Amino acid sequence: MMNLAQQLREQAKKLLEEKKVDLVIGFGQGTELARNTPVFIDSPEGVSALTWGPFCANNLAKYLVDYKNDPGSTAVVVKGCDARSVNRLLDDNQILREKVVVIGLPCPGQLEWQKVSAEIKPGSTLKEVVDNGDSYTVKTDSGDYTFNKKDYLLHRCLVCENPNPVISDITIGKEIPVKNYEERFAEVQDLEKLAADEKNEYWNKQFARCLRCYACRNVCSVCTCKVCAFDQMQPMWVSKRTNLSENTAFHITRAFHVAGRCVDCGECDRVCPMDIPLRKLNVKIHKDLGELFNSPTPGTEPGLISPLGGFSPGDPEEFM
Amino acid sequence: MESRVVNKGQISELLDKLAKDYNLIAPIKEETMTLFRRVSGAQDVLLDYNNSDISPKGCFLPQNEKTFSYMYTGDTLEINKPVGTQKTVLFGARPCDIKAILTFDPVFDGVKFGDEYYSSKRESTVIIGLSCAKVLSTCFCYAMGGGPCDTTGSDLLLTEIGDKYYVEVITEKGQALVDAYSQIIAKQDTAQLAKDKDELAKKLSGEFVRKVDLTGVKELMDNNFELPYWAGDDQKKCIGCGTCTYVCPTCHCFDIFDYTTGDFTGDRLRCWDSCMFPEYTLEAGGHNPRPSRKERIRNRFMHKIKYHLDRYNMVGCVGCGRCVNKCPVNIDITKIINDLKEVAQNA
Amino acid sequence: MPNPTALTPYPATITKIDVEAGDTKTFTVVFDDPEIMENFGNQPGQVCMLSAFGEGESTISITSSPTRGKFLEFCVRRVGRLTSVLHQMEVGQKIGVRGPYGNGFPYEMMKGKDLFFIGGGSALAPIRSLIDFVLSDQYRKDYGKVEILYGARSMDDVLFKSDLAERWPAIANTGIYTTIDRAEEGWNGHVGFVPPFIEEVAPTPENKIAIIAGPPILIKLGLAVMEKLGFKDEQIITTLEMRMKCCLGKCGRCNVGSKFICVDGPVFSLAQLKQMPPEY
């Protein structure tokens, strides 16, 4: 994976030197061994900060919206799932295709940094990461640590549909075959089987913990409203109060606001500080939309009409 | 003040008694989360934990607090305040979080204005701290004047040593509690335990891996508000959520608003708010003094390492590391401090 | 002794409503409890938190001087949810009031000097409390010449019309200069923006204190003119506005640097402002 990082730096440097882009948004080493952080490189010398590996969980596509009014172009480093965000942002008219350069890296899976960190001696320095197919070996100055993917990858990676970026101007790395450790909708099928009041109890317990920090909404690449309904003062749909009623209203409403456009990048779930399994709401909606409208995951191709944003004569109409 | 001992085997008995006699707030496990919640007995209490996911500041400044309820018809007005505070024990808080509560005192028990809601909780709560057994990679309390076995702010501090808890009585309030539970919190010779605690403290202080140095940073910020540093990566990657402020034990910003419960009745609430939200300083006329993430990021960090010091002579961060842990994009106050120190040195 | 119940408003009744402009009304308010009214002790330049129950609270400056009687006047412009509710209220209805908050104007250091007030738009309201204080029977002799320069967008937007046209000019040793942005039928006064008007009137800095309040653009350009005319930083006083919620220095949001506008302000001299970060 070090080799890929080096190739990435070379490509980024070239883009900046040739002034094809003014900015490269990518991953850089974070302040913990097992973490990466978004970096914004605007000079060829700065590309040394770019890195690649299984600690690059962030979806960087949304940052493109911050630079859409800048005169020049922006390059963004994407994995498989984030690339779907780029397609969706294009279809939502949030970014212009000619001002974006997509650097796609096929992704063998992203590790949950807290789980990995707990196993590694604090203060260790990262030397390299080796992808063994079903596991990663993290080599540090305090020793080598191996993590099997089934237990240490982010859950969303276990059901990954697109390890290879579905949109890419510059691809770095070989194509990766789809490898699922779990059936895609298994996590919601268990919930579906519960009775209504059991489902209610489950979700009440989750939403009761919500802090309404809005990390999930802010990180979501399809939540791009200039003034979100939940930030509005006039009228004030929700206050700063965190009770079950407002929390539930927020999560259910947001799940429906993004339904049909959510690309299932799983960032909402990752960023939640209270470990609320948000992705389950969106996965359930994906399942339903697939069954009702036979629609693929949004963002899989550019130009896909959102199942809730368009109409086709063959759509189910039981009530008409 | 004196020190005592609780045998590990008796801690459940103590917690059960405390749960019966007090509103006992202790760390619990809720799925993958460690949180401070009210417990009904020892069976719910989590003793083997690093630190909670959000701080126990909610004991003194709840996320949602009713300041009064009102009945208002336009021509008549009645205001009813909540009555009475339960006597409470906050058990198992770490020294960093307890030190953070001290940073709230000058804010709420101010020179000109007190705060009955905060003060009544503060007075009626006994804080039983629990020394850390481990230092995490995200911890840096030492850099903020604290330590893993620090007694500052506790009424009692427990330290786990072998098969016992070494109990240090720090305040009168703590003394009153140990006197009430003397059978379990026993008087014993604690000379060796005291030595063992010192050893533990020394050992733990050597385990910090996060190097943070505040030298020169405040002076730099005293004289340079418009540092180019604030236009850098942090404000570019920040997504503007309230995670850091909500998990932080020293953040205390709140919003006040009314919540109608009927045609003429309602509650006035005080709820946590975050300076990272864009509408935090948005004025009714449309003007916003902190219009972009750059201003808000700068304000947050200057508040922690300068403004709080200016006003109360206390640094506004206790080094618990929660923000470092929870920030979705890895904005790290220790990196910012070290970067600013470098800027100060190169100036 | 710090007041621990500072977050609780006191019931007060609206006794009079004056319409100042299309979107501005002045509410005269008296506390239901006469002892609270008697001992309220508000100083010129201080503010109160007014409660519109069902919405919340808003910071409104006290526009009346304590010398004018045991009541409070609040000049409220309808800009948001809460002020809209206030505007729909009638005489006899109740609101909640808590205060007085803020540091007030430093009227002691102004004694023996001439005063030059500059106000723009709705900002005449906060400085009016000081104008009436220094023009009061009690304190008139402590101050020299009092001049008031005021600009509004239009004739309708001129606040306190009768004060500007009748009550203040009737008091000895005063000067009133009013301007509106654009010429209008029925207006015989000066036409033009406030900053160039200040240059025209050309107040001299000797033994004078200037008190200036207005929207950010007026403050910025006005201060530049005052500096040109030779006023020193210590001679210029202004009052700031920020979003406030608690008004007690606790909720954190009204900070400009290390200062909270609600307790350390809202009144600052230009010398003090220059020490603070430009984030207001």
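Per-chain numbering from 1; labels A, B and C assigned in written order.
As a working rule, contacts are C-beta pairs under 8 Å (C-beta built on N, C-alpha and C of every residue); 3 or more make two chains touch, one makes a residue touch a chain.
Given the structure is predicted, the values throughout are model-derived calculations rather than measurements.
K.L.:
More C-beta contacts across A-B or across A-C?
P.N.:
Pair with more contacting C-beta pairs, A-B versus A-C: A-B.
K.L.:
By mean C-alpha coordinates, which chain is most distant from chain C?
P.N.:
Most distant chain from chain C: A.
K.L.:
Between chain B and chain C, tell me the centre distance in angstrom, where each centre is the average of that chain's C-alpha atoms.
P.N.:
About 39 Å separates the centre of chain B from that of chain C.
K.L.:
State, to the nearest whole Å, the distance from the C-alpha centre of chain A to the C-alpha centre of chain B.
P.N.:
Going by mean C-alpha positions, chain A sits 31 Å from chain B.
K.L.:
Any idea how many Å lie between the Cα centroids of chain A and chain C?
P.N.:
Going by mean C-alpha positions, chain A sits 51 Å from chain C.
K.L.:
Considering chain B alone, which of its residues make contact with at least two other chains?
P.N.:
Residues 255, 257, 273, 282 of chain B each touch two or more of the other chains.
K.L.:
Which positions in chain C touch two or more other chains at once?
P.N.:
Residue numbers touching two or more other chains: 80.
K.L.:
Which chain A residues reach two or more other chains?
P.N.:
Residues 233, 236 of chain A each touch two or more of the other chains.
K.L.:
Could you list, by residue number, the parts of chain A that touch chain C in their complex?
P.N.:
Going through chain A, the ones touching chain C are 233-234, 236.
K.L.:
Within their complex, state which residues of chain A touch chain B.
P.N.:
Its residues touching chain B are 30-32, 35-40, 58, 63, 66, 114, 117, 122-123, 209, 211-215, 217-219, 231, 233, 236, 239-243, 267, 270-271, 273-275.
K.L.:
Please name which positions on chain B make contact with chain C in the complex.
P.N.:
67-68, 70, 72, 74-77, 79, 81, 107-117, 119, 225, 252-258, 260, 266, 268, 270, 273, 275, 280-285, 287, 289-290, 295, 299, 302-303, 306-307, 310-311
K.L.:
Going by the contact rule set out above, which residues of chain C touch chain A in the complex?
P.N.:
Counting only chain C, the residues touching chain A are 80-81.
K.L.:
Could you pull out which chain B residues touch chain A in their complex?
P.N.:
Touch list, chain B to chain A: 30-33, 35, 53-54, 63-64, 135-138, 207, 209, 233, 236-237, 239-243, 246-247, 255, 257, 259, 269, 271-274, 277-279, 282, 324-326, 328-332, 334-335.
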